[in-house]
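Letters A, B, C and D mark the chains as written, and numbering starts fresh at 1 in each.
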Amino acid sequence: MSYHANEKGYYGEFGGAFIPEMLYPNCEELRQNYIRIMSEPSFQEEFHQLLKDYVGRPTPLYFAERLSEKYQTKIYLKREDLCHTGAHKVNNTIGQILMAKKLGKNRIIAETGAGQHGVATATVCALMGIECVVYMGEIDIERQAPNVARMKMLGAEVRAAKSGSRTLKDATNEAIRDWINNPVNTHYIIGSVVGPHPYPDMVARFQSVISEEIKWQLQEKEGKENPNYVVACVGGGSNAAGAYYHYLDTPEVGIIAVEAAGKGVNSGESAATSALGKVGIIHGSKTLLMQTEDGQITEPYSISAGLDYPGVGPMHAHLYKSGRGEFISITDDEAMTAGLEMSQLEGIIPAIETSHAFAIFDYKKFEKDDVIVINLSGRGDKDLQTYIDYFRL
Amino acid sequence: MSYHANEKGYYGEFGGAFIPEMLYPNCEELRQNYIRIMSEPSFQEEFHQLLKDYVGRPTPLYFAERLSEKYQTKIYLKREDLCHTGAHKVNNTIGQILMAKKLGKNRIIAETGAGQHGVATATVCALMGIECVVYMGEIDIERQAPNVARMKMLGAEVRAAKSGSRTLKDATNEAIRDWINNPVNTHYIIGSVVGPHPYPDMVARFQSVISEEIKWQLQEKEGKENPNYVVACVGGGSNAAGAYYHYLDTPEVGIIAVEAAGKGVNSGESAATSALGKVGIIHGSKTLLMQTEDGQITEPYSISAGLDYPGVGPMHAHLYKSGRGEFISITDDEAMTAGLEMSQLEGIIPAIETSHAFAIFDYKKFEKDDVIVINLSGRGDKDLQTYIDYFRL
Amino acid sequence: MNRIKAKLQEDKKLLSIYFTAGYPKLDDTVPIIQELERAGVDMIEIGLPFSDPLADGPTIQKSSTAALGNGMHTELLFEQLKDIRKTVSIPLILMGYFNPMLQYGVEAFCRRCFEIGIDGIIMPDLPLDVYKETYEAIYKKYNLINVFLITPQTSEERIRAIDNASDGFIYMVSSASTTGAKDGFGAEQQEYFQRIAKLNLKNPQIVGFGISNANTFQAATAKAKGAIIGSAFIKHLTQNGIGKIENFIKTIR
Amino acid sequence: MNRIKAKLQEDKKLLSIYFTAGYPKLDDTVPIIQELERAGVDMIEIGLPFSDPLADGPTIQKSSTAALGNGMHTELLFEQLKDIRKTVSIPLILMGYFNPMLQYGVEAFCRRCFEIGIDGIIMPDLPLDVYKETYEAIYKKYNLINVFLITPQTSEERIRAIDNASDGFIYMVSSASTTGAKDGFGAEQQEYFQRIAKLNLKNPQIVGFGISNANTFQAATAKAKGAIIGSAFIKHLTQNGIGKIENFIKTIR
């Protein structure tokens, strides 16, 4: 049994492409071409050259000595925070902008929650000289102001999504609407392993460079490719998908997914999809999502804009349902505390999304010589105001 | 003739240690030990391990295609913006924190202008679990708020310097006073190639990893170690010193130093030390500095907090006086425009300090197949508000 | 015979109206249907509001949000409609997004439609292959016509596959755009209308998206069997409530 | 004989006062000197204000900033002092930072001091080796005593080198701190005072930093030849202006 997508884009019962006909030609064009294009040597070369020279890959695998000491286990951090623009998101946008060029598109749209994906998209559009429109929920525009400023500096247009919860879900709706209205010249760069097939698989493949590197880096440091656990936070699930990718079908590697419990899983203000979600359709994909009995999608809540999404990618729905992955929900408070601890123990201020992954130690105990790789998906610069306000620093 | 420091810390007529006796034991301890400690294999190993796994070195040498096209020459960017904490400053603080540990110090002080050095210092102090106090001018605290927040997150204490121009010069005075008052347990991590011997040489050696990498990276990309020009902005001069270091005594490599002209070299609001400075003593070093006829140090001005310093390191004074280096002054307006251009052409938002280095193309013409390496000393996240306000984005 | 099929055989251009159930007021659903029939429309699409209507433009989206805010939900709509066939005889189509249907249970949903007297379903995000593999049998069992969409970008091959899978009419999206986004038809659309007409599909086409007045209705139905008005009607309701529905219809035909 | 050397031979503990030239008012320099002599102090250090006085504490720093703001500068100070020897006979020492002296020209600076009748110079940031190599001959030529500092951290070896290079007294910094930072002396300082006394240096020592009243003056001069009051006197000037200088001196001795 494999935990990768099958040819139709299904992970077990999850995935597929539940899209209106207006999106069919676009998705179909992608579906028919993505694997072929990605495996072209010229694509591979340009992709890897940019990852190296522009993004700054390989990102280090850093042994966190003081953190390891505190939790009495061996903790490595995969330093996606050191990627250009400050998070793993750019691995995917570099891949997709090259894809868009191969498909002859001259306009890019994207949705963004925390703004990291928006910045990463605006960045690659500037790099390639391509027009860029980013949809962002009105609320997220407020709480992630630095990233809005960055997108503007990069020449992108930021459009506010004013419907629904005015966060990531609604920005995604707006982006899809834009794509429907501009089906020919526009490529939609989705920012996570969500959306209709082939997006989840395509994005996971672009992000898989994370676990590809972990393997040889761990070999160098520990004399073995496999850690005991790989840990990542899950919003849509792209940094997690990248970190798990080459370990999915290696059962001896434990997979831990960390979701945002917001003010508490049962508080009514949460984004803990695995705990609260049921099977359904969101943004063209069959997956777990938070919804009313009636099938209306619930407005999620998390202090972190990047985890504030009512669904998860179909890969993660399958990892949850099949039991392959262990899912842990972390509250706002727990995440913030872990973020501060991380800053002061290791000198690395994590994105609040990532901070959720550092808060698992109260819920999961490890052996002294377990090797844990935590994916440090992004840096916390964008979240400084939130940290400052929270801790009254 | 060499452009490196001699044994007494002089670059030509510049350098030395013009310090009050209260600082003599500290500086002398450093002077006697720094070269020996730096060449210990255990030091080298730990230093390079941290540069690799923690800082994210080697930083890429990136061929900037669109910029090169625009200016009809071959431009490479040395990506110090990808260093952990966002600028070259951390190369030095990693080195100095290891030095401080070897010297048995348990308290660190630093000065900071843009806040990058303060953040880099707070970061390594968190990493090592050492107490940290950072002095910062009151004005800089206002204009570099994100970096103040970062220092606090990292557990450092930020103390406002309220005297003089309330910028970098005054923060340095305060730090020196602190050191005078705490001569035994405290190490002062100076953030640039300024201050009394052995600081300029020690900091230059820690930063020299920049040109060490450029050499082999350029060999890989261009089949030769030497570019035609190395370009860097100069505040105190540490990123420049690092970028020039291994080329100093290679006359075929042109050295271009870019200073901040503020509102214009002759506007009275400037920080263009080479153009406006005379030989004098500042912060324990004989160098070029902006001063009144009477020898009072002038309050400099630049839109960029990191270049807002009335002196330069003695290496740079010597490069200027000897003619080895070509010095160009760039105004606020020119720098801001270049920063925006860079963002939109290459998808990289530079620190305003760095933006000065991108504004030289109106003043200096290059041949079509000249190879220019510009040191991209830091990222612009800390400067977003200034960019936004300036361009009304 | 299914009321839709019967209607399609009439020798006239059909006017179909879309509205969002539970909007402007929660209890407006049935009166609107009755008014529309009285005003002489040929077919009605009853929109089951959804929280994330990504194929719809701002007008319909706002009406959906308002309807949900009014308290509309799947079971309530079925309740409201349970006696509809006592007063109304024109074809009724349920239009919505697939997730609420899935949560209700596809078979249960279809059974309720059948019991009520619904004639067809439009679920834009239920794709052809999934429908055929999993749900066609259920639709057939409850005598429900499934209506597929085509757009200017839909390939001929796929149009033929959709034609084959259809057993009523094809919902012909006038331009690649969310509802209500464009105003009037240009040369591109005319070319598209002609291109489709020449395919001689077995199912008639009814044009939707961008029909807002007599002009666009005529243009859309020059080649096609009929046209659907959605956003323009919702706007009318927003401005006038349910009182003057007949006036609106008269301006169209 | 140089007035400082003569004064050092007197059989008493010397009280030396530091003040910043041009503070509180620009023209206060000469009156302050005259008042201090009248009040019976033994020696005066005239501070040439500097923009970046990094070895000084906040009190002296503020007075320097104020003096510069009042318009004080090197040439003006020399102007103010040019007739000082007509009215004042106690030793006068110029204290400042090296950069203003360098800009004036070290030889020109020394010549002016000589012409005025200045007896010594304290430049905390002119290091021993640079002085010896480059400037000693000039100081000698103009009969100026150079005063070096030592601190509790200064090694015996270096103290002996400084003693050798000195020809007057050694400025003994009471504790490793900028001026005015500490209040009173602890066991550590007592140990330091004794340690230095035991070295039997050829130059007497005068203690500075942290002397603010009779108590600290007595403690500082138990072993040393004298003591310097700086910040405490500046504070007195700030509060009282130049009117009550004698009162202040009486509280000390």
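Simple rule for what comes next: contacts are C-beta pairs under 8 Å (C-beta built on N, C-alpha and C of every residue); 3 or more make two chains touch, one makes a residue touch a chain.
These figures come from a predicted structure and were not determined experimentally.
Taking each chain's centre as the mean of its CA atoms, D is the chain most distant from chain C. Distance from the chain C centre to the chain D centre is 96 Å, each centre being the mean of its Cα atoms.
Remark: chain B and chain D have CA centroids separated by 37 Å (rounded to whole angstrom).
Here the spacing of chain B and chain C, counted between their Cα centres, is 66 Å. Residue positions of chain D in touch with at least two other chains are not found. Within chain B, no positions touching two or more other chains are listed.
Taken together, the touching pairs link the chains end to end in a line with two free ends. Pairs of chains meeting the touch criterion are A-B, A-C, B-D. Those residues of chain D lying in contact with chain B across their complex are 50-55, 57, 61, 65, 68, 73-75, 97-104, 124-127, 130, 148-151, 153-155, 158, 173, 176-178, 181. Note for the complex: chain A touches chain C at residues 16-22, 24-26, 163-164, 169-170, 173, 176-177, 180-184, 278-284, 291-297.
If you check the complex, the residues on chain B that touch chain A are 52-54, 56, 59-63, 66, 79, 81-84, 86, 122-127, 129, 146, 149-150, 152-155, 340, 343-349, 380-381, 384-385, 387-388, 391, 393.
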